[in-house]
Amino acid sequence: MTRLWDRGEALDDAVLRLTTDRDPELDLELVPWDCLGSAAHARMLESIGILTAIELGDIERVLGEIATEAGANDFAISREQEDCHTAIENRLTQSLGDTGRKIHTGRSRNDQVLVALRLWGRGMCRRQLEALLDVVDRLLDLGDEHARTSFPGHTHTRQAMPTTLGHHFAAWAENLLDTVPWLQLTFRHLNRSPSGSASGFGVALPLDRQLVSDLLGFDAPQVNTLAVQNDRGKSEYLALAAASAVATDLGRLSCDLLWFSSDELGFVGLPETVTTGSSLMPQKRNPDVLELIRAGATRLRSLQAEVGATYGPLPAGYHRDLQLTKEPFLRGMQSLVDMLVALRPVLTGLTVDVERCRAAVLPSSGATDAALAAVAEGVPFRQAYHDAPAAEGEVAELWRARTHLGAPGSLTLDLQRSALTEARRWLEDHRPDIDPALRHIHRP
Amino acid sequence: MTRLWDRGEALDDAVLRLTTDRDPELDLELVPWDCLGSAAHARMLESIGILTAIELGDIERVLGEIATEAGANDFAISREQEDCHTAIENRLTQSLGDTGRKIHTGRSRNDQVLVALRLWGRGMCRRQLEALLDVVDRLLDLGDEHARTSFPGHTHTRQAMPTTLGHHFAAWAENLLDTVPWLQLTFRHLNRSPSGSASGFGVALPLDRQLVSDLLGFDAPQVNTLAVQNDRGKSEYLALAAASAVATDLGRLSCDLLWFSSDELGFVGLPETVTTGSSLMPQKRNPDVLELIRAGATRLRSLQAEVGATYGPLPAGYHRDLQLTKEPFLRGMQSLVDMLVALRPVLTGLTVDVERCRAAVLPSSGATDAALAAVAEGVPFRQAYHDAPAAEGEVAELWRARTHLGAPGSLTLDLQRSALTEARRWLEDHRPDIDPALRHIHRP
Amino acid sequence: MTRLWDRGEALDDAVLRLTTDRDPELDLELVPWDCLGSAAHARMLESIGILTAIELGDIERVLGEIATEAGANDFAISREQEDCHTAIENRLTQSLGDTGRKIHTGRSRNDQVLVALRLWGRGMCRRQLEALLDVVDRLLDLGDEHARTSFPGHTHTRQAMPTTLGHHFAAWAENLLDTVPWLQLTFRHLNRSPSGSASGFGVALPLDRQLVSDLLGFDAPQVNTLAVQNDRGKSEYLALAAASAVATDLGRLSCDLLWFSSDELGFVGLPETVTTGSSLMPQKRNPDVLELIRAGATRLRSLQAEVGATYGPLPAGYHRDLQLTKEPFLRGMQSLVDMLVALRPVLTGLTVDVERCRAAVLPSSGATDAALAAVAEGVPFRQAYHDAPAAEGEVAELWRARTHLGAPGSLTLDLQRSALTEARRWLEDHRPDIDPALRHIHRP
Amino acid sequence: MTRLWDRGEALDDAVLRLTTDRDPELDLELVPWDCLGSAAHARMLESIGILTAIELGDIERVLGEIATEAGANDFAISREQEDCHTAIENRLTQSLGDTGRKIHTGRSRNDQVLVALRLWGRGMCRRQLEALLDVVDRLLDLGDEHARTSFPGHTHTRQAMPTTLGHHFAAWAENLLDTVPWLQLTFRHLNRSPSGSASGFGVALPLDRQLVSDLLGFDAPQVNTLAVQNDRGKSEYLALAAASAVATDLGRLSCDLLWFSSDELGFVGLPETVTTGSSLMPQKRNPDVLELIRAGATRLRSLQAEVGATYGPLPAGYHRDLQLTKEPFLRGMQSLVDMLVALRPVLTGLTVDVERCRAAVLPSSGATDAALAAVAEGVPFRQAYHDAPAAEGEVAELWRARTHLGAPGSLTLDLQRSALTEARRWLEDHRPDIDPALRHIHRP
C-alpha cells in the first residue's frame, strides 16, 4: 500500500526523488495535526451520513494511535508513501479496511495539508508571541535597571550624544512591541478553515464546512474554494513577513551586543553558559548565539523571499511548486521561536560594566547640548551649530536634561509595560478552542 | 548656501556622487510633505517660545510657497544641497535670514525625513486601499456576470474539474479582500509621529511631541526616541510586505488572463486600448500590461527583500545605509497603485467567449464527480477512485451539483460584498485629520 | 568526549540547539571528505616531524574506517559533538589516544571545513557538468529530430512567427552550453587549497601548504591566510550563482513543456513514468517533475541570495554566521544535479504530436514574412509594416525561407555539437588528481 | 510620429504609464550605443542590397548627429515614443523620409536593444575591471606599508591572534583579484552579437550576422536566434552575480574600516574630504561613504536577485517582463564602478595609528602560539590546548614566527602583484575593436 493514486505504473526513480524531496522527513512534524484535521473531517462525514458512528469511532481510535506514535517519534513515512497524508490513509486502511478507504471522501490532499499547516501555524504563532513577550519583559527590566547608566549614544557607528543603556534596551522593547499586532494578524489570517475546498472546486457532497471549522476552533471557514487554494503560499509569505520583522529586530539587538561585548568596548559581558569555544585557540569564548541570531534573521528574511518567489509566478489554483513553500514555512516559523528562546538566557545573564560605559562617553559628544544651550540664549540654531560651543559640566550626564516624551531622561516604561500586559491578555483570549471530543487525538 | 553641515571642507567628488545618489530627484516627491511637517514643527516651536508668532507666520508663508512650487514641478534640489531638507532650510534662510536659521531647532534630518515619509506613506496606503477596492468591486461584478459560465478548472496547468468563470473571478476578489487588514495595519503602523526623536536621543528642549502628532493627524507619537530611529527600514519593510502580497495576487491573476487570452485558449479577449504592438510583426497585439503587472509584482517583492537586506544587519540607530531604503519604499508603494489602476481598464474591457469556455471542458474532468456519485451508492471512496467510472450527463455543468459553501454552485458573493462595504467604511473613518491651520500648506 | 573546546562549563540548552542547528545531520555528507583532508594534513604533519610514520599509519587507518562507515551510513554525529570535525577527532582519540590528540595540530575547524567543502564542491561541480552535457545531448537530438516540425513561435505568450520545434529545442541546448564556462570557472575557483590558513592568521609551525594542496589534487594553495577565510561564503555565492543560472534555464524549459503539454495545446506528451496522480481526481496525470524543476530553480536562486545576505554584511574573517552558508551550498549544488537527472527521462520519453504542432500555426503569424516580401519589392519596411499584406502559401512552412545563421531554416547544430564535444573533453582533462597514497581513504 | 506600431488606436493612459515606466529616462544612457548598433545594421543592409550607399551615408550622418546630441544631454525621449529605439527611428524618418523607414528592416526592437545593452555592458565591465585593479593596487601598497604594523586579528568580533594590518589589507587584495576571472567571463559572455535574431525567429532576408558582429568588435554572433532572446535576463543575471561578488568584498572591507575607524578603536582615520556632517550635531564627521558602499553591495546583490526573479519564471522567448531587467542591469553595473571610484580616495587618504594598533593587542590572544610552542616540546596538541600555557615575550609580535605561505610573517605580495600585472595586460588585449568606419558615430 503506497501512493494513493497508484495504479501500477512505474515511476522513474530520479523523478520520485525529486518529487518527494524532504517531504517524508518534514511531514513528521505535521502528523499529529493531520490526525486532528482528519478526525474533524471524519466527524463531519458522519454528520452527513458518509460514515456510520461505528466507523467514526474506529477512525478516531486509529488516528489517536497514530498521533501518539508520532509524538513518541514512532511513526515513519516512507519515500514510496510520499507524504504524511498517504501514510495516514494507508495505516487507516491497513487497520480498518473499507472504513479506511472512506476517510478521503470529499477532500483532496490539497485542502488536507492546508488544514494541518494552519493548525500547526496558528500554534506556532502563539508560541512566537509568548516567547517574544518574555524577551520584551526582560528588556524592560534592563531598561529599568540601567535607566541611569550613562552610555555613549551612536549614529553611523560614531559617538553622537550621551544617553543611557536603559534607553537603549527600552528602545528595542518598544520596537518588539510594535511587532505584536503583525503577529496577531498572522494568527487571524491563519485561523480560518480551508477544509472542504478539495482541489479548489469543491465536491458534489453536502459538506458541512462550518462544522469542521467549529470543531477545530477556527474563527470561520474561508469561503470561495478556489480562494482557499490561492491562499497557499500567500499565508506563508505573510506569516514569514511578520516573523522576519521580529527576527530582524532580534538580529539588530544581537549586533549591538556583539559590539558592546567586544574586547575593545567591554560595555557588557556574556555569561559563559551562552558562549562557545574554538578548536584551535584556547583563550576564545565566542558569542555564537548572537551571531546565529543575526544570521538566523537573515535566513528568515530569505525564507520569506523564497516563498514569495515560489508562489508568485503561478496561475490560480494548485501547482506542485507550492510543495516547496512547506519547508521554508515550517523552518522559518520554528526558527523565530528558537531565536527568542536562545536570546532569553543571554539577556538574563548579561553583565554590565557601568563604569566602562560612563568612561567611554567622549566630551565631543556634548556638542549638540551645548549648541542648544546657546539657542536658549537666543542664538538661531544654525548659527549656534556653526559656532559649536563646548559642552559644560559632566558630559556623560547630559542626557538628564533631555526630558521630553521618550528621551533618555524620560523613558516612560509604564507605556510599554501596559502594552505588554495587554498583549499577554490577548493571548489568553485567543486560545484556539478545539472541540472537547477531539482533544484526545492531539492536545497542542 | 548648500550643505547644512558645511564648514568649508572640500568633499571628494566621487564621494559626493555616491552619497547623494538619486536623492535630489527622489526627494522632489517629499517636498510638500516636508513642508507640512516643518510647519507643524514650527507651530510647536512657537508654542514653547523658540519662535515668535511673527516668525512662525513668516515660516509658514514660505513653506506654503515652496509646497506650491513643488506641486507645479517648480522647485529644484541641487546635488550640492544633498536633499529636500537642506533645500527647504536654505530657502527659508535665503528668504527670512535668522528666522530661517531657527527652523531646525530641536530636530535632526533623521526625524524630519521620517515625518515626511510617514505622511507620504499613510496617504499612499490609503490610495492603495481605494484602488484595491475598485478592483475587487469589478471582480465581484465579473463573478456575478459569469456565475453560470462553465469553465475548465485547472490544477497543475491540467484540467481538474469543471467550474465556472465566475467562481474563478470571485476567488481572486476574496483573496484580495484578505489583504485589506494587512494594508490597514500598515496604515496604523505608519500613522504614528516620529517627530521629536532627533538623532535618536532627543534634545534638551521641552518639545511638545504630542502637539506635533495632533497637528499632523497622527494617532499618537512613537515613544522611545531611539525606537523611532530603529523603526526606519522596518516600517518600510512591513509596508512593502503587505503591498507585495497584494501585488502578487494581481500578478497571479494576470498570469491567468495571459493564459486565458492566448491565441490557443481564447477564453477571454483584451480590449485594444490595453494592448500594445510590435515594431516588427504587424499582426501582434501584446498584453504588455498583464506582463508588467506580473513583473511589477516580482519587483515589489524584490524591493521588500532589498529593504530587509539593507536595514537588517545594522546596529541600533541611524546609519547612512538607511538612505537606500527610501527609493524602494517610494517606488514600491507607488507601483502598487499603478498596477491596480492599470488593471482596472483590463477588467472593465475584458470580453468573454462563453461558448469557447464551455467547449473547452474535457469529459475526463468529470471523473471526480462520477467517483463521488459511486460513493453515494456506498462504495468506499478509494475504491470508487480506483474504479474511476465515467461521468454522466453534460460534464461542463457538473459544477452545479457542488453546492456547499464556496463551491462553484454556491458563490455566496454577498459575503464578499459586505466585506467590501466594510472596507470602504473603514477608509471613510480613517481620513487623517490634519489641523485646519496647516491645510493651506499642503492638502493631500 | 564531546566538544573540542569543552572545559566543563555547562552550555545553555537552547543555545546548544541554536548553535548546532542541523549540523549533525548535514555534516554526514562531509565525513568522507573530511577524512580525506585530514589524511593529507596528517601526511604533511609527518613530513615536518610532528607525527611519526607509525602515528601517520594509525591515523590513516582509522580515517579509512570512518570514511567506510560513513559510506555505509554507519557513522553518527551527536548533537553534543556539534559537527563532523569533532566527531572524527573524538574517534581518533578514542582509538589512538595521544596520537589522536595530535591530528588538530596546526589547523582550525575554520580551514578544516573549507577543505572538506572544496573537495565536495569540486566533485559536485563535475557531476553538474556531466549531467548538464547529457541533457544538452538529448536536446540536440530533439533539435535534429524536429528540425522540420512546423511550430508556432511565440512572444508575449502570443503567436509571433512560424518556427520549428527543433529550433526551440536547439535554442535551449545553446543556452545551456553558454553556462558551461561558468561551471568551469566555479570548478577553478573551488579547486584551490585552503589548508593551513588555520583561523585566518596561520600558525607558528612550518606547515607545507603546497604539499597538502598537491596531495589533494588542488591546482594550488590560496595564499593569504585571511583571504582564505574571507572567501568563505563568497565561493559558495559564486558557485550557486552559476548553478542557479543553469537551473533557471531548466526551469524555463520546464515552463515551455508544461504549457506545450497542457490539455489545451497538446503539442507534446509526457510519459506516464514521469507523471504523478491526484489523491482525489482519478483522471489526473500531473507534470510534477516539471513543476518541481521550475520551483527548484527558484529555490536555487533563493539559496544563492541567502548565502549572499548571510556573508555580505560581515567584517573580515570567520564569524559563526558563516555556518548558515553550509546548508544552502550543500543543498543547492546537489539540487542542480537532481534536476538535471530528473529532466533526462522527461526529454527521453517525450512524445510529439507533429500534426497538432503544425495545425496550431495561425495564418496571422505570417504577417512579418509577408511584409518583408514587400520590402523585397522596394517598399520601405515601416511602410510595408503598416500596409500589412497577407501571407501567401503555407504559413506553417514560412520558416523555411529564414535561412541566415541560426534562424529556423538554418539550425547549424554542428556548432553546438562541437561545443559539447569540447566540454566533454574538458571534463576528461580536469579530473582532480588525488595522490594515490590517499585514494584508499575515499575514492569519489 | 510616435509609437512604431501605432495605427491610431487610443491607449489607455494608466496602461501607457505602466508600460513605459522609467524607460524614456533610462534609455538616454543607451542612445549612443543604439546609434552605433543601428549604423552597423545599416552597413549590413547596404551590403545585402536593402539600402543604397547614399541612403547608408544619410543614415550614418543622422545617427552621428543623434549620438552627439545624446552625449551633450541634448536628445530627449517622450513618453509617447516609449523608448530610445522609437525616438531614433522617428528622428531618422523625420530627417530622411523613406530612407528612415528602411532602418528597421530585418530587425526587431528585441534584438536591437540587446545590441545596445551588450555594447554598453561590455564597456562597463571593462570600467569595472580598471577601477577594481586600481583599488587592488592601493591595497597592495597598504599591505606593503603595514607589513610590520602589529594588529589584533579577530574572529567572531573577538581578538583571536596577533597579526599585522598589512596582512589584513593584502587579504582583501587577494580576494578582489580572485574576482577578476569572473568579470572577465562576464565580458566574454556579453561580447557576442545578438544582432539578427529579430523576435527570436530570424527574418526572411539574407542577413549577414557575421558582418555586424565584426563591425561592432564582438567575438562572434550568438547562433540560434531564439537562444539570443532566451539569454535576455540571464546575461544580466550573470553579470550582476559577478559584479555583486566584487561589491560584497568592498562592502565587507568597508565594514572593517567602519569599525577600525570608530571612536572606540581608532586604529585608522578617515580624511575629512571623504566624510560628511550632521544637520544637528556639530561635532560629527560621518563615514557615509563606507556605509553606502556597504549598502550599495547589498543593493547590488538585491538587483541580481531581482533580475533572476523577473526572467526566471518565463517561458522561452521575449516577454515584456524582461523590460524590468534593464534598470537593475544599468544601475547595478554602474554602481560597482561608483563604489570602486569612491573607495579610492578613502584608501589613499587613510591614516593609521600604528601605536594604537599595537597597543590594542591583548595578551590573551597569544594563547595559540603558546600552545603550539608546547607542541614543539612534544605535547599532543589537544593536551597543550587544554593546558593553555601563557604566551611568552612581546605578544603583539608573535605574528613574526608564523612564516609559512601566506601567514602574517610571509605575505608574498609578489604573487598578488604579478596577478595584478597580468590582469592589466588582459585589459590591454581585450579592447573591443569597433570598425574604424563606425568610430565617428560613438567612441566609447
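Lettered A, B, C and D in written order, each chain numbered from 1.
In this section, a contact is a pair of C-beta atoms (placed from the backbone, for glycine too) under 8 Å apart; a residue touches a chain by one contact, two chains touch by 3 or more.
All values reported here derive from a predicted model rather than from experimental measurement.
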Return the chain whose centre of C-alpha atoms lies at maximal distance from the corresponding centre of subunit A. D
Between A-B and A-C, more C-beta pairs in contact link A-B
Rounded Å distance, subunit A centre to subunit B centre (Cα mean): 24
Can you compute the centre-to-centre distance for subunit B and subunit C, using the mean CA position of each chain? Integer Å is fine. 37
Where the CA atoms of subunit A average out and where those of subunit C average out, how many Å apart are those spots? 31
Touching two or more other chains in subunit A are residues 4, 7, 104, 110, 155-157, 160-161, 199, 203, 259, 278, 280-281, 284, 286-288, 291, 294, 298, 301, 305, 309, 312-313, 319-320, 368, 385-386
If you connect every pair of chains that touch, what shape comes out? Choose line, ring, star, complete or other. complete
Touching residues of subunit D toward subunit B in the complex: what are they? 3-7, 9-12, 14-15, 17-19, 21, 85-86, 104, 107-110, 198-199, 203, 272-274, 276-281, 284, 286-289, 291-296, 298-299, 301-303, 305-306, 309-310, 319-321, 323-324, 338-339, 341-342, 344-346
Applying the document's contact rule, which stretches of subunit A touch subunit B when the two form their complex? 4, 7, 50, 89, 93, 98-106, 110, 153-157, 160-163, 167-168, 170-175, 178, 181-182, 185, 188-189, 196-197, 199-210, 221-231, 234, 237-238, 241-242, 244-245, 248-249, 251-253, 255-256, 259, 294, 297-298, 301, 304-305, 308-309, 311-320, 368-369, 372-373, 375-376, 380-383, 385-386, 398-399, 401-409, 411-412, 415-416
List the residues on subunit C that touch subunit B in their complex, please. 152, 155-161, 258-259, 262-265, 278, 280-288, 291, 305, 309, 312-313, 360, 362, 364-365, 367-368, 371, 385-386, 388
